[in-house]
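What follows is a pair of complexes built around chain A, which joins chain B in one and chain C in the other.
Entry: the complex of A and B
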């Protein structure tokens, strides 16, 4: 009886994490809000008025009421499931995200390696979308997305290893996000640790790549390949892609906050949630909004070279320093 | 289908006729191998409006209005060159005052047109802030147009035998003030385009065309000057009062997209220089003359539109309607050279290269 009860509680907590907080509604709402703020700030930087902050919500509501067209030549099952794959991946990711001082995310699962794999799902979804839509723009977007993913995965993997080895110390490596948070609470945040600063910089470069904003919006370049993989999508499927990208922003920003500066402000839950959101927002401003309005777009081979030359080297420096126990 | 039969790795990518990066409808069928363009098929004719036929159904006055509507960005060059051709035919002497005012309209339009093209370059490489900045600077010139002529694009400045407007002291002061502002901003913009790493990375060594090819394909305008070919109708065959003005022919040696953009940017400074010279020295005189009977015969006129040399030919039989009105626009030649520029380029650069010739499809297909 006791077992059944705790089992139900566990499932209930998991569902809560998945659907309401920190995944589900919370991540969705915050993600969409961030998108709106991002657009507004970018517009102000370009001396435009910009859309209202709730514009992304309006877009998503409008899109979900529209008919979804499927090209005749598309491979229907793949074409229709692609947006779901990305969305589910990100929904789980958001549920796993521990929010320092508030929630630990889905119990027993908050692991950086799980994250590393799940984070690639939206990109994989875009690739499936691009290749199954039978549009030549989609095909180009597919190959570009794949190249870009390889490029930014390399620094990401090294960042994760550097963090894990730093926390693990003599146990070699520690991948649990909760342990990473408690380690930093004891030994100080990684952002203040000179050994980890190169890794943090590398993470800053990783963010625009994975969020698909300039200078790395190559797979969806509007003026080159007219949105690439998303070209053939419409209606609810397109809305799902936008939701995915909104949650993904929160996931990658939150992940950055957790592994580099998870410090809390006292014990108040509401304050900590706001503090977390604020840190995510600052991270977005630095890595996405400002860079986006101060630069153009790379060519794909230039982006690939860039990731191997700068972020990968930065991450490697941290990794080597950690390896030699600095 | 074809690609499957040959079992090659290439596939075809349609670009246009409606495409975000193209200002006007053109259709390119690209044969790609991965990201590399192997073959380009250019199809035109999407905005054919039969204007040359229309011109023969209208009298000489009405054709000034018609030619103004050939294209929006060179909407002053068309009626101007048409008027020059008709004036050549009828032997009309245009007063020095009207000539100076015609140059003024031409150079204001040229500045705005060049800035527009350079802004689109920034838009294509995804540099939206720079796009907004350049467009804002262009907006100063748009304001000048609106204040002086009452219109932002179609100035309706020309008529056969002269011009329709004059500038008073108040307007001259306004124009001068705007020029100072524009010049300051353009110098900044030139600095950005010449040094910004992202722009250099995307535009240098892209869409190259050698000086020999420029001559072989008969290219004109900033495209030719970007490959260090000294062609500028204002210098090589001066019309209006261009031979009395002090300005330089801008050339660049890069032969690529970047040098074409730099030619355009530096030319805007030359245009401002020209406007500054004439605006305080507009001679006294009549704005236009009485229109004599236009005799049977044929005549031509050339001028330097923002995109290059514009040529008008008119043939008449003594009635009030032309028998034939034919014009050749700069984009017609420049367009053809796209296949040279696009040879083995990347898909990412296609729209950049198309933009670099500043194509005016509505002129070319009229």
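Entry: the complex of A and C
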């Protein structure tokens, strides 16, 4: 009897994490709000009036009421399931996100590795979308997305390794996000540690690539390959892709906050949630909005070279320093 | 549901079709309507690259013989409910190209045009007014489609 009760409690807690906080409603609401703020700030930086902050919500409401079109030559099962794959991956990711001082995330050893794999799912979904839509632009987008993913995964993996080895000690790696947070509460945040600053800079470069904003919006380049993989989507599927990218923004920004500056403000839960959202917002401003409103677009081979030359080398510097116990 | 429909019309995504235009109207659409002074994005507009994402179609040019089939094909790719806006004098009457050997226009011989924005090229204010008028027609179309209960998945 006691066992059944505790199982129900576990399932209830998991559902709460998945549907309301920190996944589900919270991540969706925050993500959509961030997208709106991002568009508004970009417009103000270009001295335009800009759309209202709730514009992404309006877009999603409109799209879900539109007619859905499926190309005759598309692979229908794949074409229709591609948006779901990305969305489910990101929803799980957001549910596992530990928010410092509020919720702990997964109590197991390797959740940072789980994160590393789940973070690639939206890119995989875009690849499936592009290749199954039978449009030449979609196929081009598919190949570009794959190249870009390989490029930004290398620095990300080295950043994760550097953080894990810093926390675990020189010959032992610690992949649990909870332990990473508690280590930083004891020894100071990684952003104040000179050994980890190159890794943090590399993470700043990783963010625009994974969020698909200029100068790294190569797979969905509107003016070259007319939004690539998203070209053939319309109506509710397109809305699902937008929701996925909104949650993904929160997930990658929150992940950066957790591994580099998770310090809390006292024990109040509401204050900590707001503080977390504020830190995510600042990270987005620096790595995404400011750069986006001032740059054009890289060619794919330039982006590939850039990721291997600068962020990968920065992350490697941190990794080597951590390896030699600085 | 009319509340949701009202919200939905605050996000008109624009799609440009060049039906053999001299590029004057396209420059007006692409640049002046988006410069800080006018900024159509504050109406929630966004230029989208794919016809499948579009709500309001802006057609420029007198519809030349060579591009007629492609224009009709692209226009059919746009999901319902959609609104068609003819920008410039060319799609309305042929403009300076009227009577040319390669001109198939005026465009409303082939497509139902909802709003005309005359001018050579039209002023940005006129383009924005055209978009606002198109928004009102679009709302009527959405409500009409809802009354008839049309909500289907189209294979094309």
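Note that the second predicted complex is superposed on the first by the 319 of 326 C-alpha atoms of A that agree within 3 Å, B and C clash if a C-alpha of one lies under 4 Å from a C-alpha of the other, contacts with A are read in each partner's own complex, and residues count from 1 in each chain.
The working rule: a residue touches a chain if its C-beta (ideal position, glycine included) is under 8 Å from a C-beta of that chain, and two chains touch if they have at least 3 such contacts.
Predicted, not measured: the structure shown is a model, and the values here were computed from it.
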| item | value |
| --- | --- |
| Which of chain B and chain C A:45 touches, first, second, both or neither | first |
| Which superposed partner A:226 touches (first chain B, second chain C, both, neither) | both |
| Partner chain(s) touched by A:298 [first = chain B, second = chain C, both, neither] | first |
| First, second, both or neither for A:215, with chain B first and chain C second | first |
| First, second, both or neither for A:139, with chain B first and chain C second | first |
| Which superposed partner A:6 touches (first chain B, second chain C, both, neither) | neither |
| Which of chain B and chain C A:62 touches, first, second, both or neither | second |
| Contacts of A:325 with chain B and chain C, given as first, second, both or neither | neither |
| Which superposed partner A:268 touches (first chain B, second chain C, both, neither) | neither |
| Overlapping contact positions on chain A, where the chain C interface meets the chain B interface | 46-48, 222-223, 226 |
| Chain A-touching residues of chain B, taken from the complex the two chains share | 11-14, 19-21, 32, 34-35, 122-130, 132-133, 136, 198-199, 201-202, 346-351 |
| List of chain A residues in touch with chain B within their complex | 42, 45-48, 136-137, 139-140, 143-144, 214-215, 217-218, 221-226, 293-302 |
| Chain C - residues contacting chain A, complex | 4-5, 7-11, 34-36, 39, 41-44, 46-50, 52-53, 55, 77, 79-81, 142, 151-156 |
| Of all residues in chain A, those that touch chain C in their complex | 39, 43, 46-52, 55, 58-59, 61-62, 65-72, 222-223, 226-227, 230-235, 238 |
